[in-house]
Structures are given as structure tokens and as C-alpha cells.
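Some structures are shown below for you to check.
Next come two complexes, and both contain chain A; in the first it sits with chain B, in the second with chain C.
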Partner chain A sequence: MWYILTHYWSELIQGLGYTLLSSVIALFFSTIIGTMFAIFEVLPNRAMRIIGRIYIELFRNIPLLVIAMFFYVIIPMYVAKIDGFTAGTIGLTIYTSSFIAETVRAGIQSVDKGQMEGARSNGLTYWQAMRYIVLPQAFKIVIPPLGNQFINLVKNSSVLAFVAGFDLMYQGNSIASLSLDTINSYMVVGVFYLIITLPLSYYMRHLEKRLA
Partner chain B sequence: MQNFIDAYSWVNIRFLLDGLWVTVEVSLISIIASFIIGSILGVLRYVKIKYLSAIVGFVVDIVRNLPLILIIFFTYFGLPHLGFKPGILFAAMLAMTIFESAMLAEIVRSGILAVDYGQMEGARANGMTYVQALWHIVFPQAIKKTIPTIVSQFISLIKDTSLATIIVLPELLNHAQIIYGQNSAFIIPMFLMVAFMYFVICYALSVLSRILDKKLA
Partner chain C sequence: MKKVTRYLGVIGMLGLLTVFLTACGSRKSLSQQDVLTNDRASNTITWGVKADTKLFGLMDVKDNTIKGFDADIATAITKKILGKNGKAKFVQVTSQTRIPLLKNGNIDAIIATMTITPEREKQVDFSSSYFDAGQSLLVKKGSSIKSVKDLNQAGTKVIGVTGANSVANIKKFAPKAKVLELSDYAQAMTALKSGQGVALTTDNGILYGMASQNPGYEVVGGTFTKEPYGIAINKGQDPFKKEVNQALKEIEADGTYNRILKKWFGNVAGFDYKEASR
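Moving on, here comes the complex of A and B:
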């Protein structure tokens, strides 16, 4: 293990960087998109609700790999030349946003209806009430589940290895085939993943206990 | 349009369905095996046997926090270096079982924790041993509570089976790749069909999970 660590240090760090970068970008955009569709689902407008429902159900029930490979194969053919990292991150964002939408929707619906009614009767518009009253309370509830989503995101970002995204898993594979020491290569990569995910998951458990 | 008609020829659809069958087969066997192993691990973690429970807990946490792809690679490319060479199908199932067992261990444990402690006390007060009370009283109630979660875990397992294309497991996505590898005009039709097939199965299961959730709650 030590040999792998010292000889392929730069590849590992690069892979770690790409994994983190992709996860953070995907988390940022999927939180925005997910929140948007979550709001769609609680709107009084029926058509918007159906759009929100379709988006969430569609991308929750298709494997991430199929989504990522779709973008990796299709976009360069018809739209623009993009690399595997971009295609993978787009897939990751769309897939995760459907899970975040579901989480945030549950959060919004768990906020007491009286909050919205009270804000509305105090003269706020629907959007103001949503933005300043309901959403902040909803986000407080969904922080632990969102943290778990981020852990999943870091793990799921390993699909970038399928689309040449230069992430940790991809580097792990190339190290394994260069060094011919598969066991130790994969163990080192595993340790790198655990460095990110394990502390996060313990912190989330702690947070859940404290907020509960 | 012609592309779609050609792509969805009976031969191709049959080939995809063959792949779908492998997907379902692998996920079903893995979820059953993981349910058994996961329950044992979950109970072991719950009962607090000195050292053993802590070790089980630590291993479960480690496996849960690794990407499944890494575990698939490890079973298929790593194990031969330890002197055991699994076939593709076995390696895939082994990887899924290891990963899902850890997931289910955590689910079962939280299920047991959600059962009112009075149940255990009542059973003990009625003369049952600790193990009897756990097995006959607490465990069945815990499983009933966790069934919807286990079904959703099964959904993500079916989706995750697609990751095994990387070790050329002949499942749905792999078969689609073989078809569009022969004719690039089939790429879009194949992706849409694969997405559709996954969607139908997973959506049906998620509806089932929601119904169970309401019924068992």
C-alpha cells in the first residue's frame, strides 16, 4: 500500500480533486434544481405539480450510469464537444436533483401550513412567503438528509470512471493496471473515499441525534 | 423514425429482455442473500456483545461508505490476486451482496431500535430468554417496519446492477451497448428503451413500497 501511495501520489491527489470538484458542483446545482422542482410540487397550479412529479419520478427511477452515459454519448454527437468530466457531472446533477427535490418537498410539507397562511395574511406575496418564511424552515429540517445526499454524491461520482472523468475511481483503475497490484491499488482508493465519506457520515449521525 | 423501427426489431428487444432478466436475477439473488446477512449483522450490532458489535459496526460503516463500483472491481480484479478467481456473474453478485448487506444491516438495526423497548421488557417479564424475545417478539416487528425501506433499497440495487457492465456482466445496459455498438444509429433508441425498461420496473416497485408504507404504518 505504501508503494502505491508514494509512487502514484500525484494521480491520487488529482483524482481526489476531480471527485470533490464534481461532487461539489453537482451538489450546488442539484440543490438549486431540486429545490425548484420541489416548489413546483407544492404549488397550487396543477400543471406545475405534474411537471414536478414527472421530473422527480423519471430521474429517480433510471440508473445514474444510464443518464451519465447518455450525456457522454449523445451530447458530443449532436450538440457540442464536451469531456467526460462535464458529461458525468451533468448526469450526476440531474440524478441527484431528483432525490434532493423529493427531500426538500417533504421538508416543505412538514412546515406547518399556518406559517404560509400567517405570512400571506400579513401581506406577503406567495413567493415572498415561500422565500422568507417557508423555505428557511424547510431547509433546517432537511439538512441531515441533504448531508446524506452529499455522501451518496461522493460515492456516486465514481461513475465518472465510466466516462473518462479522471476521478478517483478512474485513477484507481489506471494505477491498478500500471502497477499490476490491484488489491493494494483499490485499497488505497477505498481509503481515499473513506477519508471523505466516513467523517461526513459520522457527523451527519451526530447532527441527526442533536436535531431530533 | 426509421431508426426507431429498425432498432426495436423483435431480435433486439428479445436481446434486451434477456439482459433485463439477468439484471433482475442478479438483484433478486443479491437482495435475498443480503437480507439474511444484513439481518444477522444488524442484530449483532444491536445486541452489544463486547468487541464483536463494535467490530461489526465499524466494518458495516466502512462498506456503506465505499462506492459500489470499487467493491465490484475489488471482487472481480482483486480477488484473483488472493488466489480465488470468481466468474463474472458470481463476482457481480458477491459485490452487490457485500454492499447491500451493509446497507440492510443499518436498516434492520434502526428498525429494531424503532420497536418500543417495552416489547422486549414485556417478553422478558413473561419468562422468555433474551434471544427468544429478540427472535419471536422484537425482530418480526422490526422487519415489518423496515419492509418499505428494504423495497426502496431493492430499487437502488436494480439500478446499481448497471454498474456491473464494467466487468461485462451481460445485463440490460451491456446488451444495449452491444446492439448500438453494431449500428450507431441505434444509440438514441437504445438509451431510451433501456431507460424505459429500468423506469417501468423501478417505478412499479416504488409504488409498491409506498402502498406497503401506508398499509404497514
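Moving on, here comes the complex of A and C:
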């Protein structure tokens, strides 16, 4: 393990960088998009609810790899030149956002109806009530499952390896084939993932305690 | 105090995991047994072959068997070693999985477009070479790329396959080019088609197979390396290696080799069948 670490240090750091970058971008956008579709799903407007349902069911039920390959292969052929990193990150964002949407929706629905009604009768508009009264309570409830989604997101970013996105897993494959030392190469990669996911895990726990 | 115990717990678990995985690695495995004796007893030789490479080893979905030059050579060698009724069993491998599978004893030998290199010789033994390949380039017809020199520009993206020797070669011949490593040849070809890179590089034998399947693409620039293919055998299996080399000599002498070569490469445009025959 030590040999792998010292000889392929620059590759590993590059991989860690790309994995982190992709995870941060995907985490940010999938939270926003996911929350947006969660709200779509609880709107009084039926058409919006259907749009939300279709988006979620479509991307929740297709393997991430297929979504990523779609953006890597089909989009450059007909729409725009995007490289593997971009394609993988877009795929990861869309895929994760559908799970986050379901999680947040469950949170919104578990907030007592009286909260929304009370806010409305005090003169807030529907959106104000959603923004200031319902969503803050909903997020507090869904922090533990949301943490799960975030950790899954970091690990799922390994899909970049299949579209040449230069992430940790990609470097791991490359190092394993260069050094011919498969076991140690992947063990090092596993440790590098822990470097990202363990602090994230502890941070989510900390948030949960602070807000509960 | 509570916190400290929790951290200790985490560290302890990681430690246990490490010990467990290391123990897996050092366990005395199948690979320590004598392959030749086992194969004679079961009348079967298990070969690792490619299943995604036209001409060398390609899965035929109609009857679920792997067909190609490598597979036929393996069958011929099996018959020489075990006699007429000897069975050749094929296990699908990729550039990445072949050495681990050989090391842990899942396969007896690798015959999967594997170039003999000094680094690999540290890990496995090779038979004498059974095919003289060389690295070349596959590009879209009408591309401005004519040879490996044209790739040596910053921003040029070249597609290769993880674990293949060709990736390291491109870094040597065209250091300014960026190499995208994909997991197998089918994916690499798809990436070339969608324009993720300007050229696909690997051994010419494989590229000819791809060009024959994809009429819009051609092999350019000739070969810029020598890549003799060998059959990889685990270290310490000298009796088996000797038998394989002997069988290889015999099929070259009695014309079996040339017949198989002609069967797969006889009609490939641009392939010099005469030069490759033995």
C-alpha cells in the first residue's frame, strides 16, 4: 500500500480533486433541483404534480451509468461537445436530484398541515409560507436521509471512471493496471473515499444534533 | 471520554479490515498447485480470452461462445497438450482483470491480445510469441491525423483502453496528447464515434477488426511499436509453460497456425497475411 501511495501520489491527488469537485457541484445543484421537484409534487396544481412525478420516476429508475453514458455519447453527437467529466457530473446531478426530491417531499408532507394553514391565515402567500414556515421544518426532519443521499452521491461519483472523468476510481483503475497490484490499488482508493465521506458523515450527524 | 472510545472504535475497525484483506492476499491458493497435473486430471485447460475484440476473441451471442484467433489458437494448443478429446474452457477477461484472474487460479493461462513486456514479465511468465502485432491508430476517414506525430499537440485527445500497454506508449510517442482511458474496446469505439477523442490507439490487429465493423473509420500511420503477443502463465508453472511452447511449435510446423491465421485475417483489408504467417 505504501508503494502505491508514494509512487502514484500525483494521480491520486488529481483523482481526489476531480471527485471532490464533481461531488460539490452535484451536491449543490441536485439539492436545488431536488427541492424544486419536491415542491412541484406537493403543489395544488395537478399539471405541475405530474411533471414532478415523471421527472422523479424517470431518473430514479434508470441506472446512473446509463444516464452518464447518455450524456457522454449521445449529447456530443447531436447537441454539444461535452467531455467525460461534465457528462458524468450532469448525470450524477440529475440522478441524485430525483432521490433528494423524494426525500424532501416526504419531509414536506410530514410537516403538520396546520402549519401551512396557520401561515396562510396570517396573511403569508403560498410561496412565503413554503419558504419560511414549511421548508425549514421539513429539512430539519429529513437531515438523516439527506445525509445518506449525500454520501451515496460521493460514492456514485465513481461513475466518472466509465466516461474518462479522471476521478479517483478512474485513477484507481489506471494505477491497478500500471502497477499490476490490484488489491492494494483499490484499497488505497477506498481509503481516499473515506477521507471525503467520513467527515461528511460526521458533519451531517453534527447538523442533526444542532438542529434537533 | 465517550468521544475517544468512539474514535478508537473506528480506527480498530479499519485495522481489522486491513488485517482481513491482507490475510486474503496471503492465503495459499489454487495458483500454488501444479496446473499441468490438474489439467491432465480434468482433461480441461481454462483459458482467459477477450470477448469484446473482433478477430481475436468476440462473444457470439447466437450460441454464447467466444470466437476468434486467440480462441482457435487456444483450442489447437489444448488438443496438442491433452490429445484429441481435450477440452478448452474459455473465461472472459479484460485487460484489467486478466492478471488477477491468472494469479488467483481462476484461469490456467491468458491468451488475450497480451503484449509481452518487461513489467508484466515480473508478474507472470510468457510463452514464446504467437502473433506479431504493432500499435497503430484508428481515425475517422478524412481526418487530419495521418500518423502518431500529428497527435503530439497540446489539447489533442487520444482514446485508449485501461490496462493496455498502448496507453503508456502514447505517453512516450506523443507526450503532449491527453489520453482518455475507457474500460473496453466497445466503449472506446463509442467514444471515438461521439467525438470524445480524435484517434483510438491500440494494436493494429484489434484496430483492423474495428475498421471492418465500422466502415467510416480507417487505420492510419502504419505501426510505430512492436507488440509481440504471448500466452501468459503463472510463475512457477514451468512444466505447463514448456508444454505450451512445444504445442505452439507443433501447430506452426504442421500448418494449423497458418490455417487459423488465414481464417481470421485472410480477408482483412490492409493486413499483410504473408508477412504474419509462419
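Methods note: the second predicted complex is superposed on the first by the 197 of 212 C-alpha atoms of A that agree within 3 Å, B and C clash if a C-alpha of one lies under 4 Å from a C-alpha of the other, contacts with A are read in each partner's own complex, and residues count from 1 in each chain.
In this section, contacts are C-beta pairs under 8 Å (C-beta built on N, C-alpha and C of every residue); 3 or more make two chains touch, one makes a residue touch a chain.
Note that the structure is a prediction, hence the values are computed from the model and not measured.
Asks: Can A:A164 be said to touch chain B (first), chain C (second), both, or neither?
Replies: The second partner, chain C, only.
Asks: Is A:V73 touching anything from chain B or chain C once the two structures are fitted on A? First, second, both or neither.
Replies: A:V73: touches chain B and chain C.
Asks: Is A:D112 touching anything from chain B or chain C once the two structures are fitted on A? First, second, both or neither.
Replies: Touch partners of A:D112: none, neither chain B nor chain C.
Asks: Return first, second, both or neither, reflecting whether A:K81 touches chain B, chain C, both chains, or no partner chain.
Replies: Touch status of A:K81: second partner only.
Asks: Between chain B and chain C, whom does A:N173 touch in the aligned arrangement: first, second, both, or neither?
Replies: Both partners, chain B and chain C.
Asks: Classify the contacts of A:S201 with the two partner chains as first (chain B alone), second (chain C alone), both, or neither.
Replies: So A:S201 only meets chain B here.
Asks: Quick one: name whichever of chain B and chain C touches more residues of chain A.
Replies: Here the partner covering more residues of chain A is B.
Asks: Under the contact definition given at the top, report the residues of chain A touching chain B in one complex and chain C in the other.
Replies: 73-74, 77, 161-162, 173, 176, 182-183, 198
Asks: Over in the complex, which chain A residues touch chain C? Could you list them?
Replies: 72-74, 76-77, 81, 83-84, 161-162, 164, 170, 173-174, 176-178, 180, 182-183, 187, 198
Asks: For chain C, which residues count as touching chain A in their complex?
Replies: On the chain C side, the touching residues are 10, 18, 21, 24-25, 95-96, 99-100, 119-120, 122-123, 159, 162-164, 168, 180-183, 187, 190-191, 193-196.
Asks: Taking the complex as given, what residues does chain A use to touch chain B?
Replies: 57-58, 60-67, 69-70, 73-74, 77, 151, 155-156, 158-159, 161-162, 169, 172-173, 176, 181-183, 186, 189-190, 193-194, 197-198, 201-202
Asks: Which residues of chain B touch chain A once you look at their complex with the stated criterion?
Replies: The contact residues of chain B facing chain A are 61-62, 64-70, 73-74, 77-78, 81-82, 155, 159-163, 165-166, 173, 187-188, 191, 194-195, 198-199, 202-203, 206.
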